[in-house]
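Beneath this line is the structure, given in structure tokens, with notes to follow.
Note that the chains are named A, B, C, D, E and F in the order they appear, and that numbering of residues resets to 1 at the start of each chain.
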Amino acid sequence: MSVSPHSHVKTVMYGKVRLYTGTSSPELASQIASYLNVNLCDRDIVTFPNDNIFVKLHKSVRGQDCYVIQSTSIPVHRNLMEMLILIQTLRLDSAARITAVVPYLCYTRSDKKDQPRVPITARLVADMIEVAGADRYMTFDLHADQIQGFFSIPGDVLYAYHVLIDPMKELVSKMEKPVMVSPDLGFAKKARNYASSLDIPLAFIEKRRLTNAPTAKALTLIGDVTDRDCIVLDEEISTGNTIGTAVKLIKEHGAKSITVVFIHPVLSPGSAEMLASLPVDNFITTDTIPISKEDLAFFGDKLKVISIAHLLGEVILRANQGRSVGQLFNE
Amino acid sequence: MSVSPHSHVKTVMYGKVRLYTGTSSPELASQIASYLNVNLCDRDIVTFPNDNIFVKLHKSVRGQDCYVIQSTSIPVHRNLMEMLILIQTLRLDSAARITAVVPYLCYTRSDKKDQPRVPITARLVADMIEVAGADRYMTFDLHADQIQGFFSIPGDVLYAYHVLIDPMKELVSKMEKPVMVSPDLGFAKKARNYASSLDIPLAFIEKRRLTNAPTAKALTLIGDVTDRDCIVLDEEISTGNTIGTAVKLIKEHGAKSITVVFIHPVLSPGSAEMLASLPVDNFITTDTIPISKEDLAFFGDKLKVISIAHLLGEVILRANQGRSVGQLFNE
Amino acid sequence: MSVSPHSHVKTVMYGKVRLYTGTSSPELASQIASYLNVNLCDRDIVTFPNDNIFVKLHKSVRGQDCYVIQSTSIPVHRNLMEMLILIQTLRLDSAARITAVVPYLCYTRSDKKDQPRVPITARLVADMIEVAGADRYMTFDLHADQIQGFFSIPGDVLYAYHVLIDPMKELVSKMEKPVMVSPDLGFAKKARNYASSLDIPLAFIEKRRLTNAPTAKALTLIGDVTDRDCIVLDEEISTGNTIGTAVKLIKEHGAKSITVVFIHPVLSPGSAEMLASLPVDNFITTDTIPISKEDLAFFGDKLKVISIAHLLGEVILRANQGRSVGQLFNE
Amino acid sequence: MSVSPHSHVKTVMYGKVRLYTGTSSPELASQIASYLNVNLCDRDIVTFPNDNIFVKLHKSVRGQDCYVIQSTSIPVHRNLMEMLILIQTLRLDSAARITAVVPYLCYTRSDKKDQPRVPITARLVADMIEVAGADRYMTFDLHADQIQGFFSIPGDVLYAYHVLIDPMKELVSKMEKPVMVSPDLGFAKKARNYASSLDIPLAFIEKRRLTNAPTAKALTLIGDVTDRDCIVLDEEISTGNTIGTAVKLIKEHGAKSITVVFIHPVLSPGSAEMLASLPVDNFITTDTIPISKEDLAFFGDKLKVISIAHLLGEVILRANQGRSVGQLFNE
Amino acid sequence: MSVSPHSHVKTVMYGKVRLYTGTSSPELASQIASYLNVNLCDRDIVTFPNDNIFVKLHKSVRGQDCYVIQSTSIPVHRNLMEMLILIQTLRLDSAARITAVVPYLCYTRSDKKDQPRVPITARLVADMIEVAGADRYMTFDLHADQIQGFFSIPGDVLYAYHVLIDPMKELVSKMEKPVMVSPDLGFAKKARNYASSLDIPLAFIEKRRLTNAPTAKALTLIGDVTDRDCIVLDEEISTGNTIGTAVKLIKEHGAKSITVVFIHPVLSPGSAEMLASLPVDNFITTDTIPISKEDLAFFGDKLKVISIAHLLGEVILRANQGRSVGQLFNE
Amino acid sequence: MSVSPHSHVKTVMYGKVRLYTGTSSPELASQIASYLNVNLCDRDIVTFPNDNIFVKLHKSVRGQDCYVIQSTSIPVHRNLMEMLILIQTLRLDSAARITAVVPYLCYTRSDKKDQPRVPITARLVADMIEVAGADRYMTFDLHADQIQGFFSIPGDVLYAYHVLIDPMKELVSKMEKPVMVSPDLGFAKKARNYASSLDIPLAFIEKRRLTNAPTAKALTLIGDVTDRDCIVLDEEISTGNTIGTAVKLIKEHGAKSITVVFIHPVLSPGSAEMLASLPVDNFITTDTIPISKEDLAFFGDKLKVISIAHLLGEVILRANQGRSVGQLFNE
């Protein structure tokens, strides 16, 4: 993706861009505002002693094109509700159009009934976003792309691929024998696409046996990693347990170096310290979820955070102007 | 209210009663189950490291009449989401009817735009409950009865009055010169109704002046409390600041004794200790919200918690059987 | 409020303003049209012998920003239906946006189930306005502000306060000892706000006792009115019975002069004559509902009708242009 | 149709039948209640001085199968609103199922845009009935059967044919040379069906010329009526002008006798007297709309009113029991 | 109708016009595109071996005013689904507005329950168009105009009259004794309107008897056709059986010449050949449905196809610009 | 699964079971009816010459529990529409509950936007089923389980696994060295589950390289098949090309025997003959889609069709009775 300059665009179709952010993604929102050369709109967000949130916009948004930027990261439910309240407030204030910009959408792993009597919470979340009043949504790398179909409203599901692939290419260019490792069968297809773009081979880890030998119940590594520079790609890291086991396995198989690339840095409490202690040479992630200073400190300069801010900014711009987003990726 | 025996009821119109509870009201739910002589239905509620909640019902509810008992008390957003997920799970499992039983409904104070650019979050909450799949709702003492009109689905808005009035009558019967004190103009009408039932006079506290003297900006006490046994009635106590000020004012005016009656014990952190230290003789409240053991300890035997369990149980029974609830209160 | 000149506004976001009126508010609609420097749009409204109403617009409204100005005053149901038919006609003719401008909204007193087995007709009316096709609504001084939450569509709930407060200030400036009197506990908060703006004391009338003396069941006047210039403030006057009783009580307490200010002149048959005969020095009201010539004749020059036309015109203008309405009131 | 005895029916599927009526059809409702051997349910319907209607049910309808019987005859809008309020009240009181029983549905002539910029009010009325909360509807002889498609909810559109055809057969049996006359091209198909059942010839009146002679703009009578017993069939009579002209034309053509059969006696003010003065031997109509005693007096024994009560009662019974209604008519 | 030049129109209110077509109406769509001086938008429509259709738009339609031109002619269900998929694709790609342009709408004859236990498929089709995401619809000569009321969205129902009347006038001007013949009572009103515009007499064919003679069950011709130039007008011709019988009857009655005018050339397999063999001098129809080359060959120069393309083009233009369509027809 | 006898079940909660079938699955429907010991309900399904379908039910379904059994197999759009019309007809006839039973649901492969400007047709199909009036749905082995979240209504997604696993176990019991082969990465997880139940190893075919050798673009077989009894498992077979290539590859790698198991026999024209000619020893499939006699003839006794009829029948029974379906599978 090459983000094009946009100074010469004149037609504004949906009123002016108005950027709002909840409390979960202030820094990302700031950078998007910078890219768009606008200010974040002022609003109060207050928590009352009874735990209820109150919102007040400082200026009218009547007839404007509003964007609520909010990752539904930990604390998930508070962040989600904050976003919904912001959306309703904009709607009741007669905004012309409201887009929920949710870099990390919660509950996407609850996307089907693979056993009886369980919820499909991702659909519930989609319904909640719609009932609050969003006209469109934007998000990054859903757990399953089918979740798009949970929404009645149109949306832009973006891929961190577009910001990660260049740094990864650079990295690979310095490697002798790179290999892409997928730590999970469910993620295999996405890993394959990255591997294809990078023109490197693919290996993956399978939790079940490929032979019927009784001892084969352990993890199996399919593909060759010995003496190779391994790039382990994962969608989101929460506890880090999966990635920890994968790294250990790869290491045992004689990996030369290990780079861990992951899209959503959920990083549940304690995970950063654990991850930082793994025999991993480099971590690469994005800012779909903000990482605390404390967690950043654990990683030191082993961790590189690639920002999605410019990409999101450009997509918001194009959405506002009624221009193609797909074109941005030569699609 | 006299809760009638119900052993002879035979017709079940909406399938069998199935009681579920989230994590916020387990004890209340248990008591309701006892009243109805059924078991609480087993379900797993798990919180994943990424803060997402997962629910699984142990048994099918196909064609049954389900009730989700959950106060949306602190932590408000987690409790709310837990209830919504339970409701959706029941709906996807083909329950015949789902009732959200929410003894304390959150966000009822955000019920109007009394200034521009603010939300009406109570309407958002009502929309969320409906979109999750509830067919009906039950709740207690809404901040404003108009909130009933925020729901498209029918509901039973119950009043703690029906469980509080008898203990209050007993209390009053032992007082020499009782008076009802309303600490807030907005709550004056409800206080009036209690006072009328108890056949005692009413006083109230007004935050603004009744004369145009420059110093009159302080709180004013209207009505006579000197040497009287004061019953201060409030809807919910969160920080306890309002009630604290009221008690102080009444005391200054020479009250003989002070009883504080309040419906929803929100009790934000630190409030219990503060309240217990006030010159209050008795506290009476309900269990629409569970009170922690720590908070109970602060109050000692000064606090009496009157349970709404039997009332709720009876209302659930009648709802299940298609019998009048209003009749229960001779209405 | 200072209504700003608007000649320099250029951007029209929602098509051109098209003003329509039913048969209930022709004069108010005319004045709004004058303010906006547009013509009222021609339409036929015919009543067939079978009592069915027929509507035909003279010109296409395709892509335009349409406003239907109609008070749902007596005859309530015909006026309501006329408005709904107009809205549907505009929608089927592909209007870009339709705003129901209802200076007096009917059924707002039926806003809650305060007893079992009664309707919440205000919610029904809101649903009817939405199902007919309104995108927004505008109205004045709802009986309860919570009624905003009955609508799914956004709206502008305006307050006659903004047109009444200046005449009232002028009036007060000529009084020696003014006092604001609220004839009803339910209206006390609004009266307090007016009193605060006018910087005058507040008194009010309570229908129940403040002491437990057996004779105290009569109306009670709280606050001092003796030898004072009383301003009685009410929301709507229908039969005038409440205000009549209030005036009598105040007079008995030795009021020096009485001014009655009320927002919605419902004035059911016979009420004007009765009101005019009361010992009231001045009446002030608005034109949210048109007053018949006959009724005006009863009052003579005792009654001053303050028009909301310019205020509504300015709000319509701002809605059309996507500019803040709150700002108009420095909010 | 032979209405079958129903004493042996045992299964009640939708709760018990609860009959409510507004103020427009009390007598019809009574007769239906008699047929069903139940009492009409008590309710208050009050009109406040501000023209707002208030409703209160005397008993709970929780879980019951409710029917609101109300013709939307003159005064159309009040009767319509009364019905909608009743429906909403039943819904909010948790009725299991609500059926709007509207023997005469208003606004059915506004069923299409046959010119630009006019409403389709019949669709609006259908939407209003649905949004109020009706689950089903019943009505008689819609102006166009396509109006069924305006409802999302299912309904029973009944035909007065089933109660009129026997009296008409008896009448015809006494005639020498009967002929059916349709006064309007739009009603020709229905007249044809009646004529077919009665096995009598058809004539009709066409408002436009069948030749291009310049004088042919007058009404033309197609078919033979001279010395014949004419049965003029119309859907609804409002002013009676159409029927008056038709009668005059037939008389001029030498009709031996004239019987006027019409389904809905709208009878706008003054019409009864005019109709009674026409050279018509017999009038036959139904009680889909109640006829005032004054109007009945004009007709004397010239008018025979055939009741739809038993038919409606039987249809309600079958609807309640989940039995076929079509079967009732051997369809 | 005089289609006005439109080169000087400048304001575009709903984004730019984007024309799409499914596979049923490519030629008509092309002509509309020519009229509007735009290109048809490229899209892939692929049928997979499992009979599923796949669509891909070549360019983004974000914020544009999109029109899907597709007759739901044979194969009806494939054409209908193709249109629905196109509409959904445009919606998910964030089109600003989507109009379903359906010159021939399927299932309009299934528009009422004239017997028990049958569908109202026209309502189902309307619901499907709406649920796919259309904001508006355009169509020609519905079987019953009431079908407009099946849609919640506004639409433009156009009449082929506007393109047929001039050719018909020219034809009539060359005739000595023209007469309009309606082959069906149900279509009589439309035939009357054409006859009125052409200032010629009307005759029609009735399938049932006008006398009670036992032999009268055959078709009856009402009005004079002997030695006349007959113009038989029909809505749609499918098998041609009705028109064939009508032509035969007219011929038997001594018609001088016969012209058959019909709006929708459904032409089921085999019908063209049959029709061409009838003693008909001229056929006139439109291109609401494309006629295959094979069918055209049967007719030779006996058939004249009048295009609706310019009319549709102009209506699309006006819809895009927010200008009156009714005005186009001097309505 | 052991389908339990059900003669002793007494409570029927949703009216009686009424089974309807369109024209796509008559034999399956018959077998379900047999299992349930009921008759298929009679209905007419007629196709008019204009390709429109007409439906008429022979008996009333008022208050009954209706099931429409229809595979949306080739011809997909006609079969889909037939089902939708049946559903609407049942709804308009006041069925108590309607379940769309769709053993093979069309368009499930169009379940996400994996490129810009494409549809999510599976969501459209879900919306169409809901708008027609289905209350629930039943189907088998969706392409992605997330498609459950496209429906707002609850459903039972069943798995052919429950009928296939026993025959497969029997088959495996006779094999020496069995191995499960998945022909596609996307289907790997399902194959893994079958392999696990059968306790046999897993191999699969990957279309992209696992090494970066330039020649590796061909298909790769991962896992050992040499001298093994291969069970190739696929979801649906349409053209058979994928399976053909897979079989060829396995054969080249020295498979001892090959069994192809597939769930949905789409079998596009020509595929049966091709498949029958492959070096495959056994084919096993189900009757979610009926296979023509011609196609069956190609396979001879190489093909075994395992019926889902009893399973579906049991699930319908349990749905009707409000009993657990999950329990049927010990879940």
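Heads up, the rule we're going with is that contacts are C-beta pairs under 8 Å (C-beta built on N, C-alpha and C of every residue); 3 or more make two chains touch, one makes a residue touch a chain.
Note that the coordinates shown come from a computational prediction; the quantities given were computed from them, not determined experimentally.
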Self-contact between copies chain D and chain E, residue sets same or different by half: same
Equivalent-chain rotation between chain F and chain D, CA atoms, steps of 5 degrees: 120
Remotest chain, chain A as reference, centres from CA atoms: D
Recurring contact interface, reference A-C, options B-F, A-F or D-E [over half identical by residue number]: B-F
Length of the line joining the C-alpha centres of chain B and chain C, rounded to whole Å: 35
Where chain C and chain D are represented by their mean Cα positions, the distance between them in whole Å: 40
Inter-centroid spacing, chain E versus chain C (mean Cα positions, whole Å): 50
For chain B, residues contacting two or more additional chains: 59-60, 92-93, 113, 115-117, 120, 123, 148, 324-326
Every chain pair in contact, whichever chains are involved: A-B, A-C, A-E, A-F, B-C, B-D, B-F, C-D, C-E, D-E, D-F, E-F
Chain E contact footprint on chain C (complex, rising order): 15, 59-60, 62-64, 91-94, 96
For the chain B and chain D complex, residues of the former touching the latter: 13-14, 136, 148, 154, 318-319, 321-327
Residues of chain C that touch chain B when the two form their complex: 111-117, 120, 122-123, 144-150, 157, 185-186, 188-189, 192, 196, 199-203, 208-212, 222-224, 324-326, 331
Complex contacts: residues of chain A adjacent to chain B: 48-61, 74-78, 80-81, 84-85, 88-89, 92-93, 106-107, 109-110, 113, 115-121, 123-124, 127-128, 130-132, 236, 238-239, 266, 268, 271
